[in-house]
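Each of the next two complexes has chain A plus one more chain, namely chain B in the first and chain C in the second.
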Partner chain A sequence: MSTDLEPKLEALTPQDFARGLEVFHQSLRDAEVSYLSACVRCGLCADSCHYHRAEPALENMPARKLDQIAAVFRGHFTTMGRLAPGLVGAKRFDKDMARAWVDAAFGRCSLCGRCSINCTIGIPLPTLFRAARKALGAMRLVPEDLQASVANSLVHGNNMAIERDEWVETVQWMEEELQAETGDPEARIPLDKQGARCLFTVNPREAKFFPLSLQASAKVFWAAGEDWTLASDGGWDLTNYALFTCEDDQAAAIVTHLSDAMTRLGCEVLVIGECGHGYQSARWMGPEWLKKAFPFPVVSILELMDQYLAEGRLQVDPSRNPLPVTLHDPCNLVRHGGILEPQRRVLRKAVAHFVEMAPHGVENYCCGGGGGQLAMSQYRDRRLKAGGVKARQIQATGAKVVAAPCHNCIDQLGELNKEYQLKVQVKTVAELVAAALITPHSAEVLP
Partner chain B sequence: MNSLMFHGQTVALNEEGFLLDPSLWNEELAAALAKAEEGLDTLSDEHWAVLRFIRSHFEEKQGAPMVRAVCKNTGLRLQQIYDLFPSGPAKGACKLAGLPKPDGCV
Partner chain C sequence: MLSPLEVSVVAAAACSALGLALLRRQASAYGVRVLHAPAAGDPAVGVRYAFTGAMSPGAKESVREHLPSYLAGLAYHAGIFTALGLLVATLCGVPLPASLRWLCRVPLILGTMGGTGLLLKRMLQSELRGLSHPDDFLSNLLATAFVGLALLGGTTWLLSAALLLFYAPLGKIRHCLFFFLARRNLGAFFGRRGVFPPGSSHVH
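What follows is the complex of A and B.
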């Protein structure tokens, strides 16, 4: 599956290249076109990129990655590039440049955006790399394993091709576990509850392999007395891998699963579970893709937990999370998504010892698994190497637990844990809150 | 591209250690994968119960089973599955059962 690029490049026709160029050009706004020739080669981006920090090679430098794309633009869409390509470093879009685009835009970039906020002149590099990914999609050059997750969502309504009865059985199982844990036979994980205030959505990997995070979220809702539901069929999966393939029509179709479920169930608030790209997709990109605003608010479960704690709807005892905890900032949730403080306020209340990484917040480093990297097996070695920056950040905090409000990051952090022998536990924020909850039941058993 | 030496033959693995050709799988190969990929020198009866169930599910339905189905069919509790396979049900158990890497955030 992973060595399939060369035959695909061999099979490209002149029409494919023309189509790729057309899609690339059409997806750029005027300002973005000017940014393509705006780089002043100051070099600040090099240090900002986790790929370059982990391996200081020219091809890992954001400005260089961008120039692979801009060179082709100059070669086809600028007068000087057409007349005197050698003079302005312009390239024709051929097999070699298509390979360079795949390597730069898919193979060495997690679309984390850290280069952009550290760019002297604010070049929106992720937007430009997204345009390149979109063009490569039109040329059928998206890595197949990444495309497969999109196909699953379009065909099955979730990115792991989980069938309805499998999902429902898992939810019922977690409901039984929740009842056993809380000692409350009335504790529910509601499915298709018509008119519930909140429609909650999860990452399919929770359902398939790691359902304890779903149980933890449910426990938080139970303790807060929230009126909530999950959808049983379509509209329960918050992921949208078309954000990474940059096929906007497919992204629109996938985000419609969520808005359709909101309409079908008559819910008021769409709640996105702990997932960076899922939040970015539903909260910010969804209306862009659909070209209309949602008639309902989209919030992260982190915001809800923050609100519950502020309103006194949840009582927590931080001593139940005694180990030092640090926090990973998922790029799509924090730098791109704007959710910065809620998770921090929550952790300061729910854990005994909270320690920040340096840097953190909007200046965080990507874990290395973002932008679809986790799904692309062929870049595994680069992904783990680039993740070394995050691994060293974690080590420097001395924390024994890493809170990561994103299931994609959790998987990558789990691999970094093994690769760099970090000896930490990786948990969702809801799992830490659930562990700290003072509930009527737990109050009884306390001395 | 990775590979594993098995009975003097080279078995091709993808970059994450999953079998490139799932049809090559057998229990001896699973034991070799367990050692090479998961650092498990021996596989217990519980490991085998999980691996055999995942494999039979895959051969019947072409995908990885839900961890719910694994628990139900082996009688093991969820935490036991995580303890048995340090890399988890996907990158641990499914890999040793010779499945391709599951799609999604794993």
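What follows is the complex of A and C.
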């Protein structure tokens, strides 16, 4: 890491520091200033962080990470910080503090927010780490591979730079597979269907590495008789890595791909596939980046599947998923997204043996891949070490299948599977539902 | 008629209130973020939960796993509020029944023990010591002395009260104001997103 970062730090000019401070200061509001003034450094947040739980060290304490940022705030923007910096722990923003910010905000935090709910005071720390990341972006200190994902989205309309032809071919291939699987030659994966009720969006990883995940979602829509479509051009990729670089203008430009596709195709509901940060980006942050509410609802496919099952539009046979299944809670979907119960109701119906992790839901641990960590190769070892907490959670359940409604998490869980010899299958919720579906065709062969 | 020391305490309290008001005004000057995404839950309900259930051991792992520190903190703050109550009564010349004075000794003793315990923890645990600034030790010393000396009353206690009140807006004791603002904002944030309280999210 230092080999990449040090030349950048050396090249920083006083103007760069001034610009970083200005961006940081401008990103603060009343709430953030209250947070920066509230921490009592009790240290009780320490073990709420998977980094600290995996490697107990001062630098991994959420309060310490926050204090690196708060120290600069005190040093530049508070009276006591200027008058008695040694007393209150105030620092000037210099090369050492910029290094500390990069390490704390990018290198030791997945923005999971677990420390927020465990904070004695009630400080949502990711809010402040985002402000720091934004400032570092203004100083060109965002890790390059993370920034490259954003650049791909801005240039190509998706973060993996998949060309339109490749995407369309993948969809057509999956449509053929869907027809073969369902035995229905009329089964479709619609592209650019004007006036469809739902515009479905996916993670480009599905197109590139996990096409069966896309096929599973399509099978669910087919079985439910949903009127849906994918976009062939900009507007099919739900990811938005600018959520992690925290550069709001770029985030707004990326989320505009989705809103433009909704307008272009005349759809009523924007459906976000199984992706935590994609959900938070579109559902919660998109309107804030664009500074206006969307004229359409944004829902997760988990909510739709829950609704289909409740309405009887899907019939499932849980015995088709006989292995014990546990559920991972993606931080952006659950703790920051509020989608907690739909996936549980779905799994209780679709699998024979559902077992919760301890802890689970809002209190669940981050897998370690959030906050853009998967896109920052220089922190790979730390990421896998921090993910050990999740690995031990999974082992403790005795489950053979981990349902993870997030493709970023699936990538991290896949790596943890190898690193910690978990010997589990990692699947999306839609894959489990699709496997359990009782369709007219499959009903004929049921005993 | 107030003694010169009592006048000093009142003056320190006025300084404290003024300083905290100034800090609040400075924070307010940063403005409020206008939100556009439709809410999935009720922010007001989230705020209520943030100040109640969300602080309980059942909802917070950090409390469950650190019950001695949690209890020490509760005792410490109970002692501080008791000492503040006694200070107000003293400055106002309100005579307290002997039984009430004896009853007040319980939170004062427990508060002194709690404050001392937390100070020792900060000094002895290497991570916590590394996290701390001089302000952390000074704030604790001032507050613990104020609580402990309330058991004795008199000149030294009033002096400790004046020092504590004067210092409050200058160091981390300012959390007496910002705790409420932070927790309110936390509750509104998670309440709006349907995370607080559990099960509050609207069905889309």
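In this text, the second predicted complex is superposed on the first by the 444 of 447 C-alpha atoms of A that agree within 3 Å, B and C clash if a C-alpha of one lies under 4 Å from a C-alpha of the other, contacts with A are read in each partner's own complex, and residues count from 1 in each chain.
As a working rule, contacts are C-beta pairs under 8 Å (C-beta built on N, C-alpha and C of every residue); 3 or more make two chains touch, one makes a residue touch a chain.
Quick caveat, the model's predicted, so the values are computed rather than measured.
Three-chain overlay on chain A, with chain B and chain C fitting side by side and no clash. Counting the residues of chain A touched by each of chain B and chain C gives the higher count for C. Contacts of A:Arg205 after superposition: chain B is touched, whereas chain C is not reached.
Within the superposed three-chain model, A:Thr239 lies in touch with chain B and out of touch with chain C [touch as defined at top]. Looking at the shared chain after the overlay, A:Val362 reaches chain C, while chain B stays out of its contact range.
When the two complexes are overlaid on their common chain A, residue A:Ala252 makes contact with neither chain B nor chain C.
By the touch criterion defined above, A:Ala352 reaches neither chain B nor chain C.
The angle formed at chain A by the C-alpha centres of chain B and chain C is 140 degrees to the nearest 10. Using the contact criterion defined above for the overlaid structures, shared-chain residue A:Ala435 touches neither chain B nor chain C, since it reaches no partner.
Applying the stated contact rule after C-alpha superposition, one finds that A:Leu9 touches neither chain B nor chain C. Taking all C-alpha atoms of chain B against all those of chain C in the superposed arrangement, the shortest distance found is 25 Å. Chain A has no residue lying at the interface with chain B in one structure and with chain C in the other.
Chain B meets chain A in the complex at residues 1, 14-16, 18, 20, 63-64, 66-69, 78, 86-91, 100-106. On the side of chain A, the complex with chain B involves touching residues 1-3, 145, 148-149, 152, 159-162, 166, 169-170, 173, 203-205, 207-212, 239, 275, 374-375, 377-381, 407-408, 411, 414-415, 418. Looking at the complex, you find that chain C touches chain A at residues 23, 26-28, 30-38, 40-41, 50, 54, 59-63, 65-66, 69-70, 73, 118, 125-128, 130-136, 138, 170-172, 174-175, 178-179, 181-183, 185-187, 189-190, 193-195, 198-199, 201, 203-204. Those residues of chain A lying in contact with chain C across their complex are 28-35, 37-48, 56-58, 61, 63-64, 67, 80, 84, 86-89, 116-124, 283-288, 290-293, 297, 299, 303, 334-341, 359, 361-363.
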